[in-house]
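Following are the structures in question.
Both complexes below contain chain A, partnered by chain B and then by chain C.
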Partner chain A sequence: MTGFGGFLLRRAVGTVITLLAISVIVYVVFYVTPGNVAQITCGPRCSPAQVHQVAEQLHLGDPLYARYGDFLQGLFTGHDYSTGTSVEHCEAPCLGLSYQTDQQVTALILTKLPVSLSLVLGAMVLWLLLGVGTGVLSAWRRGRLSERVLTAVTLAGTATPVFVIGLVLMIVVCGELRLLPFPQYVALTDDPEQWAWNLLLPWLSLALIEAATFARLTRAAMLETLAEDHIRTFRAYGVGERAVIGRHALRGAFAPVIALNANNVGSAVGGAVLTETLFGLPGIGQELVHAVKVVDLPVVVGMVLVIGFFVVLANAVADVLYAVADRRVVLA
Partner chain B sequence: MSEALVAAEAAVTGVEPVPAASGARQFWRRLRTQRAALVAAAVVALLLLVAVAAPLLTALEGQDPNSYHPALIDSARGGVPIGPFGGVSADHWLGVEPQTGRDLFARLVHGARVSLGVALAATVVQVAIGVTVGVASALGSRWVDQLLSRVTDIIVAMPLMIMALALLAIVPSSFPRPVLVALVIGLIAWGNIARIVRAQTLTLKGLDHVAAARLSGWGPVRVARRELLPGLAAPVITYAALLVPMNITVEAALSFLGVGVKPPTPSWGQMLTAADVWYQAAPQYLLLPAGALFVTVLALTVLGDGVRTALDPRAASRLRVGTGRGRGKKGQASATAPVPPAVTPTGADKSAPTEQHPTGGTAS
Partner chain C sequence: MSLVRVTDLTVDFGGLRAVDGLSFTLRPGAALALVGESGSGKSTVASALLGLHRDTGARVGGAIEVAGVDVQRAGEEELRGLRGGRAAMVFQDPLSSLDPYYAIGDQIAEVYRVHHRASRRAARARAVEVLDRVGIPDAPRRSRSRPHEFSGGMRQRALIAMALACRPDLLIADEPTTALDVTVQAQILDLLHTLREETGTGLLLVTHDVGVAAESVDEVLVMRHGRVVEHGPVADVLGSPAEPYTRALLAAVPRVEAARAPSGERGEVVLEATGLRREFGRGKGAFAAVDDVSLTVRRGETLGIVGESGSGKTTLGRMLVGLLEPTAGEVRYDGRARAGVRPDVQMVFQDPVSSLNPRRTVGESVADPLRARGERDERLIRARVGELLERVGLERAHQDRYPHEFSGGQRQRVGIARALAAEPRVIVCDEPVSALDVTTQAQVVALLGELQRELGLALVFVAHDLAVVRQVSDRVAVMRGGRIVESGPADQVYDAPRDPYTRRLLAAVPSLDPAVAATRRTARRELTEV
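Our next item is the complex of A and B:
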């Protein structure tokens, strides 16, 4: 298998294998829990008999491989759960039922996903604009005072945890200056304007931190490109500095920025969990933190898998984009 | 700081053959020439001192981190500290916590202990696993290499914050929490260091002195210990220096979410969670942990940059053309890619981005 088609195929197969491996690891790690799941699910005042009943209902006594097989089957073909009186069908991709609320995990995730996607995608637009813009600016002004200021600011940005900047922004903008109300999620489909206004601060918090990383990378990539021979040739032919920076050097920064952006999806998801918790946005991150606190394992496993899926997918897409953007990549 | 950035920056040192550690004296000489790194080193040293001497410092103040002082808070006004600036006095140097009246100075310095302790312990775990897996992968048979490399890929693909969050849920609360947080961070985020070590080991393996040792019948363990580890020191120290601030951020984030270090053990992240509703009555309750986190992470990051420059001046002083983008996958290429010609020094940027790989970040 050679060429671009082969590269795509190998990448796709690798992605599927990685996802399966992650599902096995996550499932095994979480269901070999040292804690007593049945007791936690049932509550502290349950009698031993009730705890036993819960354990039976959750199939906690079955061997692990059988439970994983069940889980996989549910994922691909759906699953039937008996709820005592009736049978509830959970359609594929079925991630099981919540221990706490008996809600289907897939449905739960689907209700939370728009919030998280709104947050991450909106912030991504901001951090790419801010980060690349700052990087270009500091490459253009290299050696001057303004560049040094920008470099210091971006360094400070990489050293600030997202929840610190979010907290400070919320207190200053909403609390002290009262420029914005404290964020409350409004769905895009309900009211696009309110959606954007309410997400503005969460977007900024997440984007400012990530933008700092991008600014550093863009600046470095541009300075590297500026040192190359073809740039010297452009300059010798009298191409203006603005065109050299804005067109030719920026092109050199393109591939690393794409790569870092996909890389950062994982880090941004972690940042999104913090941002959602801080601003009280009802997204996947907030729900995951809640599920972790009440040891609702099907919800935890489902969400980790879904998030892992997005991160692995983003990495795969980045690999392909990277190969397209930079012809020097060896398609090995 | 973002782990993707750490990976991007550290990969620079990992992929080119770094000259074996050129001696401690030369390292200090090179570090000394960087003013920012020196200031950062002083700050880090001070923080370490505070962390180690935390019980002593609080004894000097005459307080301890966990005692409640109900007399110092105004319960009629919802638990606001009595007195100016959140209850600052000769007895309570930085004031007291709203609602509980616990001493803030004591909680802050004990928080430094937790923060630095967890981050350093996690880094030790990451380095231990990363070096072991990386060396074994590079020296082992093809089969071993394939297996370990795929495992590393999977580890790198897992989002650190999410996995840590989830893992912390399932361990019973009787397990000592700071140890657990350090272990969890250490066990999840060793993928990038394993890749760097593997690439570096493959490069070293081809060098004459290592080949000579192998040919003279030394076992792999002896070869690794005597001939490889000295050559691995530079990239490993460089990357470890970048991991510490990242680990501090992750610990603070987990504690902020309420699943990291549990009360009453003080932690900066945890203080921030409680502080946001009190910012008007006791602003220092918010500003102290936020500032402490910021200064610590910043100082460690700058020091990490300085350490890299001192260990591998080439990465910092030269910008290179067309390097790693021609790389194959997962760091294998370092063994095959020729060392690119260096060009004249120009912008002298520390974070040459050439080695950023699409799947290089574990992501936090």
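Our next item is the complex of A and C:
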């Protein structure tokens, strides 16, 4: 168990360092990006005096290290902000206030995160089932007509943009067949049933794209395993094709599927912008794109850190699963 | 009633005929060896006995009857009952022949449950029983290990246990000892022998190693290009072969008993190592692969370094060439301390397939040392490469071909040409012939000897095969656990070994004479019992 405890500790320390590095990079990138942040934040109709005041208020004139120091301080101990008329306390971990809305970024993220997680985790279940299932099927039926059809379908899936699949799904399912209402986000805590029904189409459109990749990966990994010597052993001992495929070959596909899944889950938390936009889901991705457009630095940094955290978390989970699945792997 | 009856068997892969009109029978309880070099079709025959070519695209003709089953006509169910149930295959290369993800006991139990209505518990108990039978110590606990936690010899035992699980009438062993050290090989062959004595199982042994066959079977069938060359009782075929091919094959097999033909003049010491030590790993995981090794090599002489896997012989070879820095000690060349690689000391590698870049012509590979020395004149380079290829028995025009167009022996010749390109005075050969068939092996060994006489090369010949090492070496060093346990003139080490480990190694070498093999087997029993 010391091994596992040590692994967690090393991972935790590594995560913190990674996230701090990401925050530094985002700060530097935004610092050197040309454009008048105060003007953008204040709006097109602001007078030069007003713009100047905004710049003062946001400490835009301070040197980079001072602003970053402020950010770190807020992150670990909390921060007090004067909004002109009153003083607002932002508790640690404080990611600052939005330039645009003066809203606390931590609170903003907490409202967006459940939406993104609902979308991604639900879609993940679907893409794993669909993708791995299709992969197994096409590895099993390799060389036959059904396999070629499956390959063609998955290839088409990879090649179709999410907004095409999503739009078609919406037009057919909600418009023509009227099986479902047009999706609208309902929180899981408010009404689990409505949550699921409303997310069904977003899940499907995100999952269909991803499933294609998983199907191809599963198929390739299984075919590779099927060519290995130990498969020949079991065939030579009269073990049936079903057990050979389901027990021995599928196991070989486990590792690459876990690795790819970790990547996809991590990046989809912030990267499912198209799906979120198409279905009007107020998630992290949409908010992030908006924040980048208006150079809302605190929001961007906060969101990027959250996304980074999920990528790192997903990979750590993958490493643990990997070691559980294959005893030859030692966690380090 | 025969256990196996094969009549006029042919196997075609696309346009290639791998087996061509082969017929033989095997009585219940008898043992037959299919002996041949790579590409002779012997493994294809073994697979055909279990109908493993079905649905692979291979065309199988003729009649195959195994344990009363007509393999050509049997239905899927009947075939599955035969496989593992009545005829069980012991595969080669034990690391990849077991599923890396499951416990060894579970894999054996799975096979058992295919053929017997048994509970998981009962199947697991049977797995432990057979593992114990093949000599896995503490079988109940070790049955929960995964393949990578077993040594090579133990994995081979586990595969034999799997074959025994359903008490088959026939064992088909496909190169069961090829990946193993000579002492472990002897143990496995002895195990197969005892099991056959006890259970009366028939054995079909597929091997490239005539010595292994001599140790284990009653009858030998020599194959070449998919056809039978010679078939008869083992003592007759190996003792007085009738066919020229069998005679050539036997002549090529290196004998551990035969002394080396005296070599040319010996000159001054060119390479000298003192107190060499190399550690790998750090902290608690650190271990010394080579520990306090000193040696000298003279001009025109061959130093053989022999040892089993893990003895540190490859690490030592790499340090001599300068590919690895020693942790302690030094390598002196011409009396001067030396660091790093230098053109005077070259290496020939074991695997001629992976030590040549498949995407470059062999000419480019051989030219590398020339270019490294600063040669820029393309015409000169081509001429020199052509010369080198001719020198090693290839053709000038071969330099524009790619490695896959050559056979294993030819690729090794390319490797030697590349080593010669730097005009070295010392060549370290790391298992230069262990991937080759015996006849090819003999040719490559002869080439090395010829080059040595002509160019006055000093050779360091690193290998696990005791007979090959004796064939080429003037002096021999026996390595074990990173140290040299015994060294001296080859004849002295082989004929009057002082160290008990050397004696055990020599006792484990398979003999070509079945009578000698039987005596050695008894001697081994005594050695292990002591």
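By definition in this document, the second predicted complex is superposed on the first by the 297 of 332 C-alpha atoms of A that agree within 3 Å, B and C clash if a C-alpha of one lies under 4 Å from a C-alpha of the other, contacts with A are read in each partner's own complex, and residues count from 1 in each chain.
In this section, contacts are C-beta pairs under 8 Å (C-beta built on N, C-alpha and C of every residue); 3 or more make two chains touch, one makes a residue touch a chain.
The model shown is predicted, which means the values in this text are computed figures rather than measured ones.
Visitor: After the superposition on A, what does A:L288 contact: first (chain B), second (chain C), both or neither?
Guide: It touches chain B, and chain C stays clear.
Visitor: For A:D319 in the superposed arrangement: first (chain B), second (chain C), both or neither?
Guide: first
Visitor: Taking the superposition as given, does A:E228 touch the first partner, chain B, the second, chain C, both, or neither?
Guide: The answer is both, since A:E228 touches chain B and chain C.
Visitor: A:A236 in the overlay: touching chain B, chain C, both, or neither? Say first, second, both or neither.
Guide: second
Visitor: Going by the contact rule set out at the top, does A:E276 touch chain B (first), chain C (second), both, or neither?
Guide: Neither partner.
Visitor: Which touches a greater number of chain A residues, chain B or chain C?
Guide: B
Visitor: Examine A:T158 and indicate which partner it touches, taking first as chain B and second as chain C; both and neither are also allowed.
Guide: first
Visitor: Pick one for A:I307: touches chain B only (first), chain C only (second), both, or neither.
Guide: First partner only, chain B.
Visitor: Determine, under the contact definition given at the top, whether A:E210 touches first (chain B), second (chain C), both, or neither.
Guide: first
Visitor: Shared contact residues on chain A, chain B side and chain C side combined as an intersection?
Guide: On chain A, the overlap between the chain B and chain C contacts is residues 228-229, 326, 328.
Visitor: Name, in rising order, each residue of chain A that touches chain B in their complex.
Guide: It comes out as residues 14, 17-18, 21-22, 25-26, 29-30, 33-35, 139, 142, 155-156, 158-164, 167-168, 170-171, 175, 209-210, 213, 216-217, 219-221, 223-224, 226-229, 253, 255-256, 259-260, 262-271, 273-274, 277, 288-289, 291-293, 295, 297, 300-301, 303-304, 307-308, 311-312, 315, 318-319, 322, 326, 328-330, 332.
Visitor: Using the touch definition from the top, list the residues of chain C that touch chain A in their complex.
Guide: Interface residues on chain C, with respect to chain A: 47, 50, 52, 79-85, 88-89, 91, 93, 96-102, 110-111, 114-115, 146, 148-149, 159, 162.
Visitor: Where on chain B is chain A touching in the complex?
Guide: Per the touch definition, chain B meets chain A at residues 1-5, 7-8, 150, 153-154, 157-163, 165-172, 245, 249, 252-253, 256-259, 269, 272, 276, 279-280, 286, 290, 293-294, 297-298, 301-302, 319-322, 325-329, 332-333, 343-344, 346-347, 349-354, 356-364.
Visitor: For chain A, which residues are in contact with chain C within the complex?
Guide: Against chain C, the touching part of chain A is residues 228-230, 232-240, 243, 247-248, 251-252, 325-328.
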